[in-house]
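So, here's a batch of structures to check.
Heads up, the next two complexes both have chain A, just with different partners, chain B and then chain C.
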Partner chain A sequence: MDIFIFEAAGHYFGIEARYIYRIADGVVIVPVPLMPGCYEGLIYYRGDLFDVVDMGRLMENEVSTLHDDPYIILLKWNAGKLGLIPDRVVGMKWVEDNGGTGTVFNERGDVVKLMTPDEIWSKLAGLAYGT
Partner chain B sequence: MELEKYQKIFSQESSRYLEELDSVLLKVENDLRDQQLWGEIHGKIHSVKGMARALSMMELANFCHAMETWCKLFQDGDKTPDERVVQLFFDGTDLLKAFVAGKGEISEPRDLESLRSISEDLAKDPEALADQAEPEMRTSVAPGKIDRIRVDYALIESLLARSQEIMMLEKSLPPLTQDQISAGIGSWINHYISMLKGLYFQLAQLRLMPVQDFGDLFVKTIRDLAKSYNRDVKLEVVGGEIEVDIGLMDRLREPFMHLLRNAIAHGIEPPDEREKAGKDREGKIVLNAERHGDQLILTVQDDGRGLDREAISAYLEEKMGMSPEEMNSLSNEKLLNIICRPDFSSAKETTQLAGRGIGMNVIAQAIEYLGGTMKIHSEPSRGTRFVISLPLSLSIIYAVLFRLGKYVLAIPTSHVHTIENMGSEPSREISQFCDLGSLLRVDDETRGNGHIIRLRPSVTSGISQSEDEGLGISADAIIGNMPLMAIPLGELLAKTGLFAGVGIMENGDISLILDVEKLQAAAA
Partner chain C sequence: MSRTSIRNKLILSFLLLLLLLMMVIAAINRLTDDYYTAQAISVALALAAGAVFGGYFSKSIVRRLNSLSAVAREVSHGDLSKDIPLLSQDEIRDLEEVFASMVKDLREMISDIKNVAGRMEDTNRALSSLSEKVLVSSEEIDESAMAIAKGSEQQTMIVQKTSLVINNSLDQMDAAGRQSARTVSKINNALVKTATGETKARETLRYLDKVLGQIAENTKPIYRLSNKVDKIRMVMHVMDEVAQKTELLSLNASIEATRAGEMGKGFALVANEIRSMAENSKQSSQEIGRIVDDIFQDNKAVIEVLRKSEEDVGKGRGIITGMVGTFREMVSGVKEISAEVKAVEQVTLKQVKEIRGLLRHFEALSRLAQANFVSTQKTTVGTKNQKEGVQKIVELMQSLNALSEKMMASQRRFRLRGD
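Showing the complex of A and B:
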C-alpha cells in the first residue's frame, strides 16, 4: 500500500494514501475557543468543514515549528474529516500492507509511525473540551 | 391557474401513493392476514381519496371509498382475505392509476368495464369472491414513463454546498487588467457567475416539499389517536401547495405530533359532548400554511374546548404565588404562554389540569431552536390556535456577527433585542449579564472597548421574563447583520457545549454560531 509520510515535532508519521483528500495551503484557519491546545481551528474547504490540529502537539505533546502558512493534510474517511498540520511533508512510500497500523521504516532508517485516521480521531476526541 | 396547480400536485402525489400501494400489495400477497399491512394499504388509498375529494373528483373518491371499506374489514380482522382479494386490489390500483392519469376521469372502454366489474365485486362480501368464477386476467401493462427518481437528501445538500462554494469564488476574483476587460473576459465571467447562481437556486428547489405532503404523513396517526381516545377527528390542510425546506419539515415532525396528540386528547371533545354543545360530531384540526416574506407561518387550530383557564390560574397561584389582581394584569398571551413552562406538566398532576401541559415545553424549545416563534390563542369551547412563525429555509440564517478577541462569533438575529455601546448609559437595566470573554477564556490583550448585545427573553422561559430581562452579552466589535449558511456542528465542536452551528459568510469566512439557550444556562 502507498503511505503518505510527514514529520511533526521531530517524529515521522505515515497515513495510508487513500485517506488523503488534499494537501491544502493558503487557507485561513479560524480559531475556536474552548478547544484543546493542539486544536488550531476550522477551515471550510470545497464545501466541507475540517477540524485542523497540530499533529506534533496532538501526538507528542510538543510544540511544533509551525509556519505562518502551513500545509494542511486533509483526511476524509467514512464520515470523518480532519486536517493535520505537519512540520514537513516527506512524501509517499510503498510498503507491504500490515493492516494499517504499526511501525515501518523509510530508506534512511528513520522510524515512521503508521496510523489510521480513526486512531488520530479517537486520540483527539479523548481530550478535554469546553469550560 | 390555481386548479391546474392543484391538479399537478394531485397527480404527483397520487402517483407516488399508488406506486407505494403496489409494493405493499406485493408484501400482503405473502402474508394475507397481516393486519398492519392492510392498515398501510388503507392509509394510502385514504390519502388518494382525500386529495380526490378536495378536487371534486367524486367518482374516483367513491371508488377509493369502496376499496377502503374492504381494507377496514381485513385490517380489523373481521374478514379473511384470499389471493382473489389481493388481485382485485391490484386491479383496483391499476384503475386508480388510470383515474389519476385522466385527472379524475376514465374514458377507455377497457377501464370503464374494469370500473363496473371491480365496483360490483367491492359491493359484495369479500368472502363471496371465492365462490365466483375466476375472472379474466387483465393484460399486464408496462410501467409508465420514468420521469422522476428518488435522490438522497444528503446528496442534494452536498450539491448545494458545492455550488455555493463555487459562487463564493466570485469574491476572490482578482482585479482584471484593461487588456483582459477588452478581451471580453469580464463579461464572460459575469455570465458564468449568473449561470452558476441560476444553477444554485434550481438545486435549492430540489429540497422543497409541499405542506400537503407533510399533513398527509399524519392522516393515519390522527386516525389511530382519534380511535384510542374515542374521538372523531379529521385533518384539513390549507395552503398545502406551499413548498417548504424538507429539513425544516423533518424537524417539525415531533412538535407537530405533540400538538396533534394534545388537540385530540385534551382539546377535541367526545362526539356526544360536541353534539350537545351544538358542534359537528367530528372534530377538526386545521393545518394552515402561509408565506410572509422569508417566514413560514404555520397555524395549527382545533375546534375543541380550548385551554382550561381555571387550571392555569390555579397553577399561577400555587406555583408562582400570584394574586388574582396580578393574574388579571397579565395579557391573554402571557397567561396562555404559561403552558410552555418546563414544570407545567408536574403542576398538571397536582392541579388536575385537563389539557395541553404535556410536551408544550418541548414544542416551544424545538421551535425556538429552529429560529421561530410560537403564539397561542384560545377561546373557551371554541378551540385553540398555535401560530408558529419559522424561517423558510434552515440553511441560510440572518445573524449578528461580532468579534470577541480573536474569535468571530454570531447570534441569530431573531434572538437579538438591542445592541448598545459599552460606554453609553444602558437604555434599561441588565438583570442578567454574561461576560462572554471570561466564559470563552479570551485573552484580555486582544479585547476592544466593546458593546453589549441584549438578547430577547427566551420563549421557553415563560411569562416570568419581560423584555427588560433578556440576557446581555459582551462583544468587542460588531461586524454586522448578515446571511450565513448554517452548517451543523461536528463532534468536536459539539463538546464545547456552547455553539449551535458553524456559519459560512458570503465571502467564505467562518463564524461560530452561539447557542442562546446554552448561553442563558451558563449565565444562570
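Showing the complex of A and C:
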C-alpha cells in the first residue's frame, strides 16, 4: 500500500494514501475559540470545511514550530475531514499492507509511525480545552 | 675855709707869740726899771709861752693823729663803719682825706667783694646744680648713646640680613624673570606649533573630506550591487515559490496517481520526477539563495564596514573639526597666556628694579646705621670726656667754692655800715 509520510516534532508519521485528499498551502486558517491548543482552526477548501490541527503538538505536545505558510495535509474519510500541519512533508512511499497501523521504516531507516485518521480524530477529541 | 699848712701856722703862731711877748716885755719894761728883772721875767714869760704854745700845738697834732690812728686801728680790725673826722685844714687833713678815701674805697671794695662772693656763691651753687644736671644728662646721654649704639648695631645687622634676604629674593626674581623669558619663548614655540597643528588639522580635514567623497563614490557600486542582490533575492523568492508550488503540485499529483491505482502509476512516476525536479530546483534555488545570501551578507558587511568607515571618518572629521576649533582656541589661549606671562615678566622686571632701588636704600640705611653706630660710639666717648670735664669743673667749682667761702670769711672780718 502507498503511505504518505511526514515529519512532526522530530518523529515520522505515515497515513495511508487513500485518506489523503490534497496537500494545500496558502489557505487562511480561521481560529476557533474554546478548542485544545493543538487545534489551529478551520479552513474552507473547495467547498469543504476542514478542522486543522498541529501534528507536533497533538502527537508529542511539543511547542508549535509552524511557519507562516505551512503545507496542510487534507484528510477526507467517511467520518470526517481533517487538516494536519506537519513540520515537513516527506512524500509517498509504498510498503507492505499491514492494516494501516504499526511502524515501518523509511529509506534512511527512521521509524515511521503509521496512523489512521480516526486515531488522530480520537486523540483530538480526547483533549480538553486549552491543553 | 682855705687850707693853711702847719708850717704857716707855726710861723704865724710864732709871730703872734713873739708879738705878744714883745708887748708883754714892753709892758714889763714900763713897769720895772730893772733890766735884768725885766729880762728874766721876759725870758720866763717867753719860755712859758713857748712851752704852752708848743704843748698846745703838739697836743693838737697828736690828738688828731691819735684820732686817725684809732680809726686806722678800727679799720685794721675790719670795722669800716667809722667815719674819718675832718677837723683841720692842714696837711693832716690831707692825710685824713686820703685815709677816708682809702676807707671808702676799701668799704666799696669789700662791699663789691661781698657782692661778688655772694654772686660767686650763687653762681657756684647754680653751676654745681647745673654740673649735677649736666652729669645726669651726660649719663643719660651716655645710656641713650649706648642704647642707640646697640640699636644701630642691631639695625645694621637687621638691615644686612634684610639686604641678604632681598638679595636672595632678587636672585629668585631674576631667576623667575629668566624663567618667564624662557616660558615666553616656549609659549611662542608652542604658538608656532599650535598654528602648524591647526594648519595640519585643516589639511587633514580637507583630506578627510576628499576621502569621504571617494568613499561615497566607491560605495555607490556596492549599493547598486546590494540593490541587484535584492532583486536576485526577489527572483529567488519567485523561484522558491515556483519550486514549492511545483512540489505541491507533484505531491498532489502523486496522491491523485495513487488514487488512480494501476492507471496512475505512470502519472505517479511523472509526478515523482516533477517532484524530484522541484526538489532539485528547490535545492538549487536554496543553494543560489545561500550564495546570494552570502553575497548579500558580504555586501552587507562591506556596506556596514563602509558605513562604519564613513561614520568613523565622519567622527574623525568631527574630531578634527573639533581639533581645528581646539587649536584655534589653543592659539588664542596661548596668545593670551603669552601676553599674561609677558605682563608677569614686565611686572617682575619692574619689581626687580624697584627692589634694587629698595636695596640701594637699604645699603644707604646700613651705612647710615653704621655711621650712627660710630657716631654713638664717639658720642659715648665724648660724653665720657664731658663727664670727666664736668667732674673737673665740679672739682674746680668746689675749690672755687672754698675760695669763695674763704673770701666770704675774710669779708666777714670787715664790718660795714648797717651791718
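Rule of thumb we're sticking to: the second predicted complex is superposed on the first by the 126 of 131 C-alpha atoms of A that agree within 3 Å, B and C clash if a C-alpha of one lies under 4 Å from a C-alpha of the other, contacts with A are read in each partner's own complex, and residues count from 1 in each chain.
What we mean here is this: contacts are C-beta pairs under 8 Å (C-beta built on N, C-alpha and C of every residue); 3 or more make two chains touch, one makes a residue touch a chain.
Note that the coordinates shown come from a computational prediction; the quantities given were computed from them, not determined experimentally.
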*Specify the outcome, clash or fit, for chain B and chain C once both structures are aligned onto chain A.*
fit
*Name the contact category of A:Val30: first (chain B only), second (chain C only), both, or neither.*
first
*Go through the superposed model and pick first if A:Asp2 touches only chain B, second if only chain C, both, or neither.*
second
*Give one of first, second, both or neither to describe whether A:Arg22 is in contact with chain B, with chain C, with both, or with none.*
second
*Look at A:Asn78 in the shared chain and tell me whether it touches chain B only, chain C only, both, or neither; answer first, second, both or neither.*
neither
_In the superposition, chain B vs chain C on chain A residues touched_ = B
*Contacts of A:Met92 with chain B and chain C, given as first, second, both or neither*: second
*With the two structures placed on a shared chain A, what shortest C-alpha distance in Å links chain B and chain C?*
18
*Can you list the residues on chain A that touch chain B in the complex?*
28, 30-35, 39, 42-44, 46-49, 51, 81, 124-125, 129-131
*asked:* Going by the contact rule set out above, which residues of chain A touch chain C in the complex?
replied: 2, 4, 17-18, 20-25, 71, 89, 91-92
*Residues of chain B touching chain A in their complex?*
158, 161-162, 164-165, 406-408, 439-442, 487, 490-493, 495-498, 502, 504, 508-512, 522
*Which residues of chain C touch chain A in the complex?*
244, 248, 251-252, 254-255, 258-259, 268, 272, 275
